[in-house]
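As structure tokens, here come the structures.
Shared chain: subunit A. Partners: subunit B in the first complex, subunit C in the second.
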Partner chain A sequence: MHPVNQRSRQEKSWTTRRDAKAERLARAARVTKGRVIPTDNIVEALELLLIPGDRVVLEGNNQKQATFLSKALARVDPGKVNRLHMIMSSISRPEHLDIFEKGIAETIDFSYAGPQSLRVAQMLEDGKLKMGDIHTYLELYGRLFVDLIPSVALIAADKADGAGNLYTGPNTEETPVLVEATAFRDGIVIAQVNELVDELPRVDIPGSWIDFIVVADNPYQLEPLFTRDPRHITDIQILMAMMAIRGIYERHQVQSLNHGIGYNTAAIELLLPTYGESLGLRGKICKHWVLNPHPTLIPAIESGWVESVYCFGGEVGMEKYIAARPDVFFTGRDGSLRSNRAFSQVAGQYAVDLFIGSTLQMDRDGNSSTVTAGRLAGFGGAPNMGHDPRGRRHSSPAWLNMMTSDDPLARGRKLVVQMVETFQKANRPVFVESLDALHVGQEAGLATSPVMIYGEDVTHVVTEEGIAYLYRANSLEERRQAIAAIAGVTPIGLEHDSTRTEQLRRDGLIAFPEDLGIRRTDAKRSLLAAKSVEDLVDWSGGLYEPPARFRSW
Partner chain B sequence: MSTAFLFPGQGSQQPGMLHNLPRHPAVAETLDEASEALNENILVWDSKEALTSTVAVQVALLVAGVAAARALVAEGAQPDMAAGHSVGAFGAAVVANVMHFRDAVPLVKLRGELMEKAYPQGYGMGVVVGIQERKLATIVEKHVTNDAPVFIANRNSPDQITISGSIRGIERILALARKEGARKAELLKVKVPSHCRLLQSVSAELAAALKTIPFRRPDIPYAGNRTARALLDPEAIREDLALGISHPVRWHEATSLLFEMGARLFIEMPPGRVLTDLARQAFPAARAVSVSDSGIKTSSILVKREKTME
Partner chain C sequence: MHPVNQRSRQEKSWTTRRDAKAERLARAARVTKGRVIPTDNIVEALELLLIPGDRVVLEGNNQKQATFLSKALARVDPGKVNRLHMIMSSISRPEHLDIFEKGIAETIDFSYAGPQSLRVAQMLEDGKLKMGDIHTYLELYGRLFVDLIPSVALIAADKADGAGNLYTGPNTEETPVLVEATAFRDGIVIAQVNELVDELPRVDIPGSWIDFIVVADNPYQLEPLFTRDPRHITDIQILMAMMAIRGIYERHQVQSLNHGIGYNTAAIELLLPTYGESLGLRGKICKHWVLNPHPTLIPAIESGWVESVYCFGGEVGMEKYIAARPDVFFTGRDGSLRSNRAFSQVAGQYAVDLFIGSTLQMDRDGNSSTVTAGRLAGFGGAPNMGHDPRGRRHSSPAWLNMMTSDDPLARGRKLVVQMVETFQKANRPVFVESLDALHVGQEAGLATSPVMIYGEDVTHVVTEEGIAYLYRANSLEERRQAIAAIAGVTPIGLEHDSTRTEQLRRDGLIAFPEDLGIRRTDAKRSLLAAKSVEDLVDWSGGLYEPPARFRSW
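And now, the complex of A and B:
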């Protein structure tokens, strides 16, 4: 025995976190009733439970929002609670930034700020907000267990029982990961619930992980983010969807995949039961999905295309349909969907053959970004899905199909597909000489430019002109030529030397619709399995209940 | 969610704009108050002939905007935030309760007079639609000359931008913009090179006049022209009103900020619907209406309904 060790064993406490938590709980006891914080006491309770400088994770992702708690936090006295370090997947509500305007919080770590991206940029410039970092979802979840361990978690659930067990139902999303990181390091977990009940439909998060329950004055906000009305799908998007099905899904035998939320990918979903069927592809492609429950996937499910769907979150109106299709979706004993954003991100990053999404800008090397001037929108989950995870070891036909050499150490690649029309609305070219992201990154003083998906990860680009098979390019020069060849009359497209086009087609670096056996004139809305939200309701046998704003009949 | 009142600037004026205001006691009171502050009948300021003067245009815009806003408030339709384009900013400041209307009237009159005096001829403004700001800025940087200065002025939408300066210079830039793919590139019927540094002296004189007037903390956030920030500090608003005329109006940014702060209903004060169209284009998820089209009653019902929506 070394005397030094003995002494330190006597003097050093190993329970400082636990002790500090006990102190806070004792302090708040006068405004709480056991586990329950009475609704009207929430602001006072937060003032007693939080201390200046705390790291607070506030549940607010792009779907479910702990609205009641975020509004309450914006009302605490900045004299009592200040300099908070907020951790939020998504900055999406006005009061999220009011917390900073009022001096209650100081630093932010986040993933996505689309709906508040101008204000974030302004407040950063004005010094009202200190930037921790902008993350992808998985990075942020990961750091909750490393160097961003929360002191307090403010989360949202549907229901709680007296023991603090939570039912999060179809919208479990990221609640488990936030609670886990907080509860098991002696942080304090406060859950807002829509109602307190005697018996839960099922337990999504055990009560021993939860410190307090508060019944919200209004149900938490939930956005139907993944509903795309088929009425808005254009013939051009249908053409691109046909190319993707023929030239990518069929060619590489894509069996597992993630789709973005654009109309392009909705078109693919709606062409599977019609165009895909006519090609005899059912049972061969698109069997396993990591995807929010897109209503536009209903016809493919009903036609027997889909074996499984694992969801990041729920989608308003899809609850009954999902509950009636447990062979396809992950459901609990109560019958309702179980989602989990953290596991979905892992699955979408590592376990699927293909990611396909859209972007606002792409440069000549294939780097892309949705950042536009003066806005700091962040990333969300697209970079997790939209890259080749080089640690992957399991193989699949599509993954192996990306190998371009016979080197004994050669390995496959994830298919990362960008699907864009060459111009967006207001005549803005998608293919540009320089991404706005570079400019924004410099202005905001970010350590790296906010690129959404790096060109080196992109294997295919689909435009209304054709497909560029970037994974086949042997040099950066070839890659640029392939992109330029399908970039239409954008500045990048106009640089293209059209005498190279035939060679690129022969080498398989690009393909036009006719090379894939597609006639442009066949790309019509009549090919869509559902042409309206009403059609989707019909396909679902009346189980899908679209929110009012999507009901036009 | 919230409602933002928008106050239009020069270009929205119409002959008869004061006579055509909705009939409402608050409108009548506002017209009387304006006449008192001017010491002449405001109703002679909105004829076609009168509106050839920048002074009359600016004062009439202030009066029309404030009159309609007061009528809405009298009907129980309170705004949650306010913004005005150029001279419209004075209306926004009055409705945010930062300054008295009777103080704003002579100030706006002075603003118009200073502007008219600054560049009697050879200067003006142009508008370019259909190319992005950065591209237009590059054209201006490359082709502007010292003897015919041109500046990027107002950012009304991402691809609707005005330029200010010497007519000769503006015409050259407009021609180049058309060549670069602008859908529209034309001279505006404005005789003053507003919202660029050529009007710095106007800002200085206006600042001196603004100093003599009492300012209060606004009741609601006021979105500034020059910084596109939501301002709550009365001194910052005073500065915005003074410097606005010699700086670009960052309109798209200012209204985007209001949208991010929760505005889902934009109501444009009369006359016209220029700002309504811009808001509709910029924020498909919001509703934008003009009092000119919808009237006081419908507008106030919409405002009250907006408050009940989460």
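And now, the complex of A and C:
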């Protein structure tokens, strides 16, 4: 033995995690039956398997929810299980926060808190919640392998077999990455399933990664988050969609892209088979998609626009349609969708030409946020996809089209588009002097302000007034002018010196509908390939089965 | 049916990929035995399963190579199989290029071509190779789900069972992501395995994702790429490592990090238990690692510095050591390492404080490249980890420490460190007027220059002269001065106006060893915790089993 070694080394155990796990499993053996936790024993099992201070991943995607397990966790005795450090990509359900009120959990790391954003902010202010941090999905997944390695994962799947193999069906979402980080560091993985069967349609996660299966009292909750009823699409949204197609997608030859939730992008999807077709763009743009299976994409798929769709998760009602379109969607041998939120975020970050999103507020520099007074909504995946990934080294026509210099070291850019009407509901301006996010961030004691998309990452802003081509701005001053020129009668828009407008148009920094050959009067709902959910069902040949709340016929 | 729909819709098949796959499988049935391709039938099987123009992923990680399958592919009849579009994260073996010479393959998308970089450049120039593009690993994986969806995947695993389940052991690397992209789009997955067994130690990839298993004539090739013999570490590298520990890791409280291949970072690893210990830094810095299982990390692990290591791949000889240290490494139920290149790249991009790399050339602005005259080496993962990921929204002490403004919208930065001696071997300066990459990029007809790390992404440069704190530079001019001040007697260093040196030191833009409390004369090999591979074996208590070429005792 080397002398240095003798000085430095200590006799120590290198299997503390494995031993702790074995101990927990032994302790829980009296309420489990081998790999199966009987449904009624779940609370007791959690009390035996969890210890105070554990880092626990609770599966709450923005769609699929491990409802049975989250409810059970809220029922454990805080005298036995407490100070948990929760990791939840989405805080979606009341009991996700109840566990903090009850003292079962203490610290939270999360990505998105849409439905619970008001309560999250209040609880932080009241000191009932200790903030780890707010992340995009992808960075949260990354940390699961670095400094947020889970002790326990509580996840949801459709079916399990006796060996613990899991079938997630169309809703694989983020389950694999949560399980992988936990299972391979001697953590405990508990999966709630809707049923236990002899043979699975396919295996989505191998049984040797799973410790316990519990059959839930009710199927896991699943939200149709990405369904937009075409009836609510307005003429203004159609005008903006026409501008986006003509002034961005066509101009820059956008072939691969991500669309998020929203009527703006639903309008684009529904204009491709009509307006897009009239421009002769089929087969030239919008061929490869990274997005959830939006029902409003059905007409474009049926019209032959779409070569591939890779999905973050599933969408309620789209199961049969997807299964009948394997040339377009990723499906397994059983015929159903295979989604994967982790790889979709990778693809959405690095492998597509364009991200297009919307926001509630934008400042004069183009910084934007969906965080508004008193609401700490988090980020989800938008910042991950809505920035220029500077590690990218491959090129595409759209990416190269963003180059504004002939410097031999110049490179392209990802297109990051913000599409907003100048005013929100209740006549609240979108373009504002200062983002509410700054104040909310301060109140919540965050280390940095919760900005969704930074202005320097935005290449285009589309409003009902026109398009600002921010990637062409040579200075912050030019960027501001271009934004103000399309900001309408908002505080920022009113600052605009209208004598500069013509110069900005000539320099290609802004374009109005007429500059793009679009007549405002043409922007009518009659242009939509489907005007209602019923139309979407028709387009799908009856394969799309919308949830009851979207049915009116 | 809606009138628009009638106009736009066409009767068409939506199962062309699935049908094509079924046809291929049927055609190959005469040379296969169910799921198994007999070893001797592999060439004929490939001729029946592949069709001209197929997009084929061939597993060539930078460590594990699907050698049997790549050799077989090089033996198919180009009259039957040709114009293949190859996707290889690493071009590592002669036959990877032979298939282009023979007309079997035509187009290439890749990430890294280290050992074959000269030949790649020549073949491109001679028109024998059509370039798709050069990517980082992560963007290549992303495109597998978007516009580079494979028709066929040729991959390597350790063992398979009769149901096609795969065991990859420590060398999981990128196999799961290649298989997932192929299997769920009706592509064909062919796995070479070292043996077919009744029961697997664990399942790494489910059998329902795999079409064919073929037992290879020889175990797949595996390179000990990340083994550095401490005997070759020089005093200068030790000096630079001391500066990095004192002037960067300690100063900015770096807790999570990636180290790549190289003697510079090996020196850092070997100084932690000695120099780092003397500074009282154990438990304060370098706790969470994303890197391959470097043998030179053994002393730091044994001394209690390391809380976790997440691995891109395995390392030959480290298997037993890793299996005995599950508190530190990610391991499966069988006790062996679980690596994953895709998730490691995600973690290395988004979840760590610091990336540290080296380069062959750097220009005055801090842009760097390992592409040198006539060699098109590609990128691997360095640019993915060696940039500031602007989608990041969570903070850490080191990240926040990079903030240089009190603007409410200011954010932190990832630490991107370049560590280079001012001169390479053969007295070639590292700091140069212009990168060879610009010329190579032009010759090869690349759309952008193959720059590895862009100067604007670099926060620190370390040379034997000192550290340049580029993140503190307020202008390109300041960045240039700081670089020149530590560039020694290279062309760039000689441009430095030495009257500015004191000002740069006072402003904290540069630091010399003495500014960090380091005496150059202390930088001696005696500081290394291990001075030879034999020492590393000692540290490991005999668990580390270095390959023969590293044994000299």
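Just so it is clear, the second predicted complex is superposed on the first by the 545 of 553 C-alpha atoms of A that agree within 3 Å, B and C clash if a C-alpha of one lies under 4 Å from a C-alpha of the other, contacts with A are read in each partner's own complex, and residues count from 1 in each chain.
We adopt the following convention: a residue touches a chain if its C-beta (ideal position, glycine included) is under 8 Å from a C-beta of that chain, and two chains touch if they have at least 3 such contacts.
Because the structure is a prediction, the values reported are computed rather than measured.
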Review point. Looking at subunit A, does subunit C or subunit B touch more of its residues?
Key: C
Check your understanding: Touch check for A:460: first (subunit B), second (subunit C), both, or neither?
Key -> neither
Exercise for review: Considering only touches as defined above, state whether A:496 meets subunit B (first), subunit C (second), both or neither.
Suggested key: neither
Point to revise | Touching partner for A:328 - first (subunit B), second (subunit C), both, neither | key: second
Check your understanding: Regarding the shared-chain residue A:21, is it in contact with subunit B (first), subunit C (second), both, or neither?
Key -> neither
Review point. Regarding the shared-chain residue A:346, is it in contact with subunit B (first), subunit C (second), both, or neither?
Key: second
Exercise for review: Have a look at where A:472 lands relative to subunit B and subunit C in the superposition and call it first, second, both or neither.
Suggested key: neither
Check your understanding: So, A:252: does it touch subunit B (first), subunit C (second), both, or neither?
Key -> neither
**Study point:** subunit A-touching residues of subunit C, taken from the complex the two chains share
**Key:** 1-2, 4-5, 8-10, 12-18, 109, 133-136, 138-143, 145-147, 149, 165, 177, 180-181, 183-186, 202-209, 255-256, 273-274, 277, 287-288, 290, 299, 302-304, 308, 310, 324-328, 330-333, 338, 340, 342-344, 346-352, 367, 379, 383-395, 400, 408-412, 438, 447-451, 454, 457, 529-530, 535, 538-539
Study note, to complete from the structure: Residue positions on subunit B within touch of subunit A in the complex are 130, 132-134, 158-159, 181, 183, 228-229, 253, 256-257, 260-262, 310
Point to revise | subunit B partner contacts - residues on subunit A that touch it in the complex | key: 94, 115-119, 122, 126, 218, 221, 373-374, 426-428
